[in-house]
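Handing you this structure, nothing more for now.
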């Protein structure tokens, strides 16, 4: 445990995971999840796992948040339309 | 022969990928025929392997056979129980595909092969899980089986209940799987191995059990028991099984849930049963307590349902309780009993679901009250339904009856009462449904409750409501019931099952006078309960003391997750005493 | 301090569960499930770490010259990452259908399956 | 349950689980310890098979059966998503209006697109040598194609992305993995056996079947992610409720 980088990365992971749960709006949560994904990738790099870091970067900080954003857009769209009709 | 073990997984997966690749140009009939043929071929392979499984086979995938006891690859285990589950899963897949033959609602445009492909993927996942000898490999195929099951459950995307049930199913099972993976991580940290036998040796080598062993045990079993729908992990099951398409229900209730219990059996036997694992008395306490709870909750909830598929789903929960008690008692006789019971139950339950599917497609409802007396013309289905219910009650010589009898003898004591009660209540509920729906007996009940789920206004799964029931839809349940009967009645079959499961460690399972009498008792009790419910609906109708229990089944994902956490804690607390006293 | 990484993994798992229990939006709940899953990666890779070791890639490292971290857990975590993303996709697809058919994604307002 | 009771129940279970997990953490071996028997064996086996990236050797050779399961999960979830997000009877497609994209954004996207695709392919191709491989590269390629949505518009994306062909390619790539596995069995050794010559250490063709399986996975992942994103984009942009207009 002499590596301060690992400690910092772990703290960042814990903090961003907590934030991802605490942020209740799914659109913002997607952004926080992207941050969590990036922080995890950093942690994996300092833990000497470049392979996992790469896929975490591609999946955790790009693909999953993107899917969530698209879902949010779909879920919100009909509501917006109804409001416009009023 | 052992080289063919991985092929058991590869064939259905290859069938599925080819169906999707060619799906655009295939007609529906060709796609479904291909699905049936591939599933049947796999079933044949599974049975052929099963017949050669003594002594048990092991195969190191990719030819990584260990030199000097140091393996790096994945080991597959082809023993009686594993291959037996794979064969049962494959046979049920064939039955489900035959049942859905040209019956299902229009497939998604230009995706004629998607439903049979999903079924084949499901089959591949189940076979892979059944023969896995490596803990992480078991997790991977467990996840495959789960993901396909979520998609299949939500297959009817125009049904509000279907998508909701599928989501609860998905969230709970995924969370359980992550708990299991956490447990695998803990075990890997302690032992540095992934093959189940190696992990077991590693635990023993390390010394007595400690908090880490307990946590790993509780977490791995959480994942498996979520799948096995043990109380309090069971909430997803009625929600999912009540809404899934009928052929999928046949697989979910008939084999997938049982695979969770099988996983518990396998993991305890190979990983935790040594001196460094969880002492047998602790496992017994944990599984018997959860099993009794599961049996009671399942039976009570089953009795009060009016949504027929939900009723059958709760009956599966109740029977899972009995299986868990059997596994928890850790004797070779009990293992034989559970195996026979699972075989018989799979046939009976799948047949009952198949018959209920006919009701849904014919009348657009699966509500016991709304269908009162409407299905009088379906003579054949009525007979099948009653036979299925009697088989569920454990009437000799059905396989369920033999399994129950052997299990009662092995477990013994006051638990026998529970076995009789659970089979009587669940079968009584099914008989009550049959009497009301097919024979119009009793008065038509009113609609007093506003809380519960009714089965009114469900969309049929066929394109139009059926005016005539296709032959496949009655032939499949008939064959399944014959299978359930054969398990108990064909001489020598039970002996073969006993040899495959416990390898001759126990006297071969057979009918005894006590067993026959207990089976007849539960059948008579079931008939009496059903008759009482029809003649005196009030005292056996909804009562206030069950209301809190029924309110727990709220359909709310947050509730279910909260109960999952309680369940893991409960499991650890039940298994803790032996470890703390060390 | 030698257990700190494990404690972080446990914390992430529990926080995700808390989010699932209290979530008022199913999309958010699926996100919380992804948080739960990320705890498994942290645990696995923490288990495989070795002091002073490097990544197990020998394209520019002479075999045997330095200790390497455990490659097995990395392969497991890699599998896990892909599994997580696909499960998320299927669950989100179900949430979309729920929002279409029920007109809401608030679990408190879903009342079709009860009793 | 009310929110209050739910929280109480969760607090009860969560506390128990927390105690259990923390107790387990203190029984775990020290972080950074040197006891990794399986890991050490894997490294030796990987070097014996001339695969420089040990992770690739684990994923595509020693534990290739896990990867088969994982690939099937991906394949199943794509198929499941396609089925779940199909256009239902009461929905119709409304082509979105072409949108004006700011010129700098457009230029940037069109510039980055080929770079990203090439990077993804490079990452796939070097899977057995350096960090990366089919999974990572596949996702990069698939995500890169979607830069077009940013840079041009949805219609341009639809033209270069005929989803049907990607679905077929996805299925064919998955079949290729299985067929390679069966070829190992036919070649006389075992399912998913590495039956090809291992080649020279640290070159693109080293590792026997590893690069082939890796390529199949790369193609499968890329196509699968394209189809997944396409289905979600469809829902978000095109499919609307209401009968045919």
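Points worth noting:
Order of writing sets the labels: A, B, C and D. Residues in every chain begin at 1.
Following the convention adopted for this analysis, contacts are C-beta pairs under 8 Å (C-beta built on N, C-alpha and C of every residue); 3 or more make two chains touch, one makes a residue touch a chain.
Keep in mind that this is a model prediction, so the values were computed, not measured.
Here A-D and B-D are compared, and the pair linked by more C-beta contacts is B-D.
Between the CA-based centres of chain A and chain D the separation comes to 17 Å, rounded to the whole angstrom.
Here the spacing of chain B and chain D, counted between their Cα centres, is 31 Å. Between the CA-based centres of chain A and chain B the separation comes to 36 Å, rounded to the whole angstrom.
Separating the CA-averaged centres of chain B and chain C is a span of 27 Å.
Touching two or more other chains at once are residues 1, 50-51, 55, 59, 63, 67, 71, 74 of chain A.
Counting partners per residue, chain B has 136, 140, 143, 147, 150-151, 154, 157-158, 163, 186, 188-189, 194, 551, 554, 556, 558, 561-562, 565 as the residues that reach two or more other chains. Across the assembly, chain C contributes 2, 4-5, 13, 17-18, 21-23, 30, 39, 46-49, 51, 55-57, 68-69, 72-74, 76, 78-79, 81-83, 86-87, 89-90, 92-97 as residues in contact with two or more other chains. Chain pairs that touch, as defined above: A-C, A-D, B-C, B-D, C-D.
Against chain C, the residues of chain D that register as touching in their complex are 3, 6-7, 10, 14, 17-18, 21-22, 24-26, 28, 30-34, 36, 38-39, 42-43, 46-47, 52-55, 57-59, 63, 66-67, 70, 73-74, 76-78, 80-81, 84-85, 129-131, 135, 202, 221, 228, 231-232, 235, 241.
Residues 31-32, 53, 55, 123, 131-133, 135-136, 139-140, 143, 225, 228-229, 232-233, 235-236, 241 of chain D are the ones touching chain A in the complex. Chain B meets chain D in the complex at residues 3, 6-7, 9-10, 13-14, 16-18, 20-21, 23-24, 59-64, 70-74, 76, 108-111, 114-115, 117-118, 121, 124-125, 128, 136-137, 140-141, 143-144, 147-148, 150-152, 154-155, 157-158, 163, 186, 188-190, 192-194, 210-212, 214-216, 218, 551-552, 554, 556, 558-559, 561-570, 572-573. Note for the complex: chain A touches chain D at residues 1, 50-51, 53-55, 58-59, 62-63, 66-67, 70-71, 73-74, 77-78. Against chain C, the residues of chain A that register as touching in their complex are 1-2, 6-7, 10-11, 13-14, 17-18, 20-22, 24-26, 29-30, 33, 36, 40, 43-44, 47-52, 55-56, 59-60, 63-64, 67-68, 71-72, 74-75.
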